[in-house]
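Can you read through this structure? Questions will come right after.
The first chain written gets the first letter, and so on, giving A, B, C, D and E; residue counts start at 1 in each chain.
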């Protein structure tokens, strides 16, 4: 088994699915769905092999290394550490869920849809397993276009505005990141080393301060837009509102994680000095994001928009945790990514459930649903509380660890961030109350006879998320174990750094 | 009138050509302006050749070749003008503004 | 125009390049001018009312042209050209020899240029309805 | 002059014979047999391409130093052949439908290719200039090729007038160069540096303007949109690529080879021109609702990116990094050639009515009507945007590497921002293709097998070169090495 | 079975019950179903069956979507006639006209009423959960006995929960005397409430849901008291909050219930904000959250830090135990079913704050400031809440404010260092307040859902057992000698006196008087006099089912006897021997700080014929006085309260009455500041987001477009313009070259 290129199989089995899809006749939707599901399941199956990850070693495992473009030292290098492993698993699980969930809602241009979903998988998985900066960038960009199509073709009424904004915004960041990647690789090469984009080689190199600062800003912009960080977040509500359900699941569940992953994998270990020096400003932005997202969530009239803004808030925790530079903060950030992926993914799925039935998401239109769809209400409640950060569910661990990390950085930062504990309860519960409690609104009554509780397929799609959200809340150990090695490495890199010494930043 | 004199003449000629190109409305007159500019070039080429190191006829030959090129240009240009007049019935370039923003 | 071309021919002769002068007379005074006159007559046949010769932008154009001439003139006057004092005359013979030995290649390429110009001009100037027959 | 001397000229000679053959054969072909011309042209060009192989590695100067057959020129020639073949494949169907003669088209096309060959191999300013004229003269003709069409005429005339104007400027610069250095050799141009006085620098200025005009740099780009829009669409594809290739051959010969030693003098102007060009092209392209015109502006923007490669060359000191600048130009030109020609070809396939110049509406709902065509176009557009894994991405990457490596990272940042800006209008076409419903009476789609096949080849090439550029890179680096 | 295993099983059993109820509950309950097709007919039944019942339902039935409604409009609630509410209440039914199939009658707002005429539903889902809680109770008793009589302290480690660098949290249980005391209350009251609910919730379609929540609550509460570290405490803390939320909002169709549920959770979260920070601060300073390790290390910290920690922790306690200023949620929480009020909002969950402060006694003892704050908040809340309770008309609200007041008593005790007294009061209060709530539930049940005491009266005759047990509970609450409340309350008062907090003592005595008054006001208004409600409702009044009455009777026993068993002799009673170990260090540490008199070495042991005895007499007599006054005003002379209000000096009476009735407008203030303010800020930020942040993004695009449009205008289509442009470009380039010439 050890010779099997597991990571390549994980990343590219969806691509095989795409090729198979091409051969299917245009009207055979059933076959397409099965092919897509099987391809995703295959990828998921292969990713299960990563559970054999040796948590003791901080080094990259399951490595694959092939020469790709030797002229510039670009290599096809794959490998995972614990951070990648958990994110890869999250991706495969959520992809399977969203492809499965798309069964009923997607009825037009099915072939393109599943092809886009599978390609998206390739891109996202590739990002998580690449150990070559160039390869990473390629996958990073590849993940962009399918999402562009998914929102743009199968999305809501303002889909085009939303999707164009999403792409342009993301591209601005990522292209600057590309320049930074090149700058870093070239700086390394001009010190007399062979030209390489290898992450492991570039990681330990001491870059000049000026380069670090500029490259950090470029990397930061790319990741901050993706995360998204205040004030670069405005694409997110639009994209979420317009995206089809499965698109929202992936967008919130995985795509945002690319940003967080970028911080942890690249910003910190690659440019530790700049990271240390820029940390205060990043932390300030993160705290703003956390609070601001929560405040704005509170007044959203649209269910998806509310959850989207809550994502801004939750992902603020990720950034905050990443930049307080201690074990708890970093582990919390990673855990929060996983947890947010599951929780928010599930919430978007649940919004999709009601949207399928009523074609509406306006909170003001709903009410009293608990009477008609008690199972739905119960599951929605579960994820609402997971999102609030109730102990015993996965959301708590991440948030608490991040806060704990933040507290070590500064009690005031932790206190300010902690305010969101109150706010999230306000906006989530208020939403929950308005949807499920009280008596049905006039509007809801129109749909009342046709409202059915969750179908078998919807249950099946949600089941893994339900299991995960509870299991991770109760037994976070395996995930925390897996990420402890990588986190230690990041800390090492940071601790050996003095910050930018040749000039001081104004804070 | 040394080299610089010739060159100044050439420069003025060039300027007149450029001015004509910018200011005339008739396509054929613009073509003539371009010929004028090419002549300015030729003048400078021959002048350089004459005042340059002896023995090399490069400038003069270049001038000859430029003349031929000018002839070819004139041919093509006139053909184009004829073709456009067929569809537009005018040779005034400011009437040719279908292609614009 | 004719005057201008003619004057230039004189200058070429003064500069010791009689062959160039001759070519100038032949090509410009002979061929091109005639061609252009011909074209003008052809194109302006139906145009009774003579339009304004210049564009409204003529003043700006003049200014820009002046700037360019000024810049070039400045460069001409400010530069030490290392020029010989006397004019070196070039014999026709030298030129002829060079043209068919050293400069054979440009010469050949030039022939191709003329060829394509002719082909293109014929194609464009031919009446569209004639194309049917030609093909 | 021995016959043996002509061996390095084999590709050029084949081209000349090819053009003669076409003229001749055309006379004898029945009207329904014109496809033979295409076949003849393409097979001839393939032969030319094959003839480039023995010339590789010759690195010789012939014709008393007027003509150089180095690997750089061979690369340009090979790229030219590729573009020529694509042009010959994309055009016939379009031309035939509009009753334009294929014989003349192929003839003029090949003349233009010869011009590009000469340009690429010039070692002397005289050859250079004549080659340039030989390249652009057919280009003027091709623009006006649809002679009954008022747009085509107008575009052709504008192109011609402005082009000749620029030629005169360039020529003036050349003449001063000659005057100051006493020679017309490109390799001798470096002596301009010794010019006592402003004349030397002014000569460079004149050369810059003349050469960048041909490449359509801002502010010498005015001819581009009009000429491109006016020309028959597949020809526009060629125009946006072929003469551009030639123009960059010109720029490389003049500035890299000739003026390379004094690159510090022209670096700043070139860099400013690059930024102005990419930005100007992009922001005007943003406002376009016509795909053909949008692609025209976008080609201006791409010129800007390529000029950045030249600026990188100029700024760098280390010969390896300088070489990188030139390599990036070559790669970009090649990759851009393939993708842009194919993109124009798709535009051409979509509009039968010449009055409807590729408005965005024609693309609406294309994904439903012709999924493969739409998919191909989407890939081309992504490539133009610079999204991996396409050749467009790698080309941009190469330029970025060159600029960053040369220490002009600000230029790289400008490119990155511009690329993001450009995404907006490229992706808008995808929006129309995939996210809008078709018009009530959509334009019929030209599905000529030759064109489709060429398109398929281009798309595959775009992807293949994007994923595995290595073979081309090796070729490229070797050819640039001949310059230094 | 080892005791360790038993301890681990105690929370596990209710958890299993929860899972069982969730997974199987809905299938075990057989409820006559109304098919979707015949909803028109069945709806008529439904409507008829419900008319005339209904809870307080004061809130109008409309769904309130547009405005933020964190705080239900209390004013409206208080001022509107309850009978108006009856009509509104069934907005559910009204709204259901013809559209909503009446296939569900859960969440309608009142339990115990079965659709008339339909087939009788059968419920079986309560079986397993109740049995499991029963087993857990038995285990608890074993553990309790082992701890209390065997003097053991148990540490049970289950598994490593969170390991993140140095931050290592184990799921582990600690059972010492303090835990045992709470275990006694929680498991006993919990079991009884389960049994009680079988009767109370009979007929509610959501029965299985109810039992699921109850079991989950039991699990969470047990986790809270059994936890071995602060984080587990926090976990249980949050989890009981969740259950409280779910149970308050159990009748979710009542907007008021839904609002109250959310309010409870949110207000608790405000407290948790502090609690969480406190925990983080502890860990950051000490590197551990384990109780024993923290307490061992706390002495080494900077006093300011300790004070901050203690105050942060106390913020959590204030929230959970509904102390001023976070008391607002508890009265609203009475929207939940009465068994919930009994269990969560009287006997167990609200005690968590007291428990936490008691548990963290070594921390508090280190910080005089914190102790003063605890005591101050306690004393203030005690009198504040009691003053509100005086005027409330809703029987459950009276009990709710009473609970707030009594909890405040405990904090008062904690604050002055009378740890044992506080816990003693906690235990006895758990029993008698549970009893009172269950009794009130029985009353409400018997009176067809009426909660307003002004429309009750004379129930004594028809609900004999309820009356008897309620009186026992009331006597305990009033602090009448021999009942549990007397001993625990007097111990607190005595301690405060002994330690020299005379002002606090005086306030405590006044509160005791008020307590006795409002408690018996409640008893007299409900059980005595004549029925004042609707005439036809009187026919429905009946004694409750045995499952409801028996828990009352059982609870009456400890209510009557616990004080005697645990509290004699005062300050040296049995309960002191359990808890001595827990508070030992704090007593030591606190002695010097808290009380000058103790530091001076004075002995204040109990002397029956000394100060202690006097205090006892005072305590007993204020209780009796309160009862007497209530009797005079509400039985003998019902006009007297009105007269009293009018005759108050300076005409303050009506104003004070209105203020008390309206809870001193604290709710309204919060509604205005936090709820409306929050929405205002949210909207402002949203506007900012859309216009400024997003505006900048779109603006960048707009600028590019504009700029493009500008440049585009240069493309005039005229060659001459182009030529000019190029020539100008040429001139510029030439100038540039000349200027930049080296």
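Just so we're on the same page, a contact is a pair of C-beta atoms (placed from the backbone, for glycine too) under 8 Å apart; a residue touches a chain by one contact, two chains touch by 3 or more.
Nothing here was measured: the structure is a model prediction, and the numbers come from that model.
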Worksheet item: By mean C-alpha coordinates, which chain is most distant from chain B?
Response: E
Practice prompt. With chain centres defined as mean CA positions, report which chain is farthest from chain D.
Written response: E
Fill in: Chain with minimal offset from the mean of all protein Cα atoms
A
Worksheet entry | C-E against A-D, pair bridged by the larger set of C-beta contacts | A-D
Worksheet item: How many angstrom lie between the CA centroids of chain C and chain D, rounded to a whole number?
Response: 28
Response to the item:
Per the C-alpha means, the centres of chain B and chain C lie apart by a whole-Å value of 5
Discussion item. From the mean C-alpha coordinate of chain A to that of chain B, what's the distance rounded to whole Å?
Written reply: 64
Worksheet item: So, what's the distance in Å between the C-alpha centres of chain E and chain A?
Response: 37
Discussion item. Could you pull out the residues of chain C that touch at least 2 other chains?
Written reply: 55, 57, 61, 64-65, 68, 71-72, 75-76, 81, 103, 106, 110, 113, 116-117, 120, 123-124, 128
Worksheet item: Residues of chain A that touch two or more other chains: which are they?
Response: 168
Fill in: For chain D, residues that touch 2 or more chains besides their own
126, 130, 133, 137, 140-141, 144, 147-148, 157-158, 161, 165, 169, 179, 198, 201-202, 225-226, 421, 424
Worksheet item: Between which chains is there touch?
Response: A-D, A-E, B-C, B-D, B-E, C-D, C-E, D-E
Practice prompt. Report the residues of chain D in contact with chain A in the complex, numbered from low to high.
Written response: 367-368, 371, 382, 385-389, 393, 397, 400-401, 404-405, 409, 412-413, 415-417, 419-421, 423-424, 427-428, 430-431, 434-435, 468-470, 473-474, 477
Worksheet item: Tell me, which parts of chain A touch chain E in their complex?
Response: 165, 168-169, 230-231, 233-235, 292, 295-300, 326-328, 331-332, 363-364, 367-368, 370-372, 374, 381, 385, 390-392, 396-397, 400-401, 403-404, 407-408, 411, 414-415, 418-419, 421-422, 425-426, 429-430, 432-434, 436-441, 445, 448-449, 474-477, 480-481, 484, 487
Discussion item. So in the complex, the part of chain C that touches chain B is made up of which residues?
Written reply: 1, 4-5, 8, 11-12, 15-17, 19-20, 23-24, 27-28, 31-32, 35-36, 39-40, 42-44, 46-47, 51-55, 57-58, 61-62, 64-66, 68-69, 72-73, 76-77, 81, 83-85, 87-90, 94-95, 98-99, 103, 106-107, 110, 113-114, 116-118, 120-125, 127-128
Practice prompt. Going by the contact rule at the top, pick out the chain A residues touching chain D in the complex.
Written response: 68-72, 109, 112, 137-138, 141-142, 144-145, 148-149, 152-153, 159-160, 163-164, 167-168, 171-172, 175-176, 178-179, 182-183, 186, 190, 214
Practice prompt. Could you please specify the touching residues of chain C with respect to chain D in the complex?
Written response: 71-72, 74-76, 78-82, 101-106, 109-110, 112-113, 115-117, 119-120, 123-124, 128, 131, 134-135
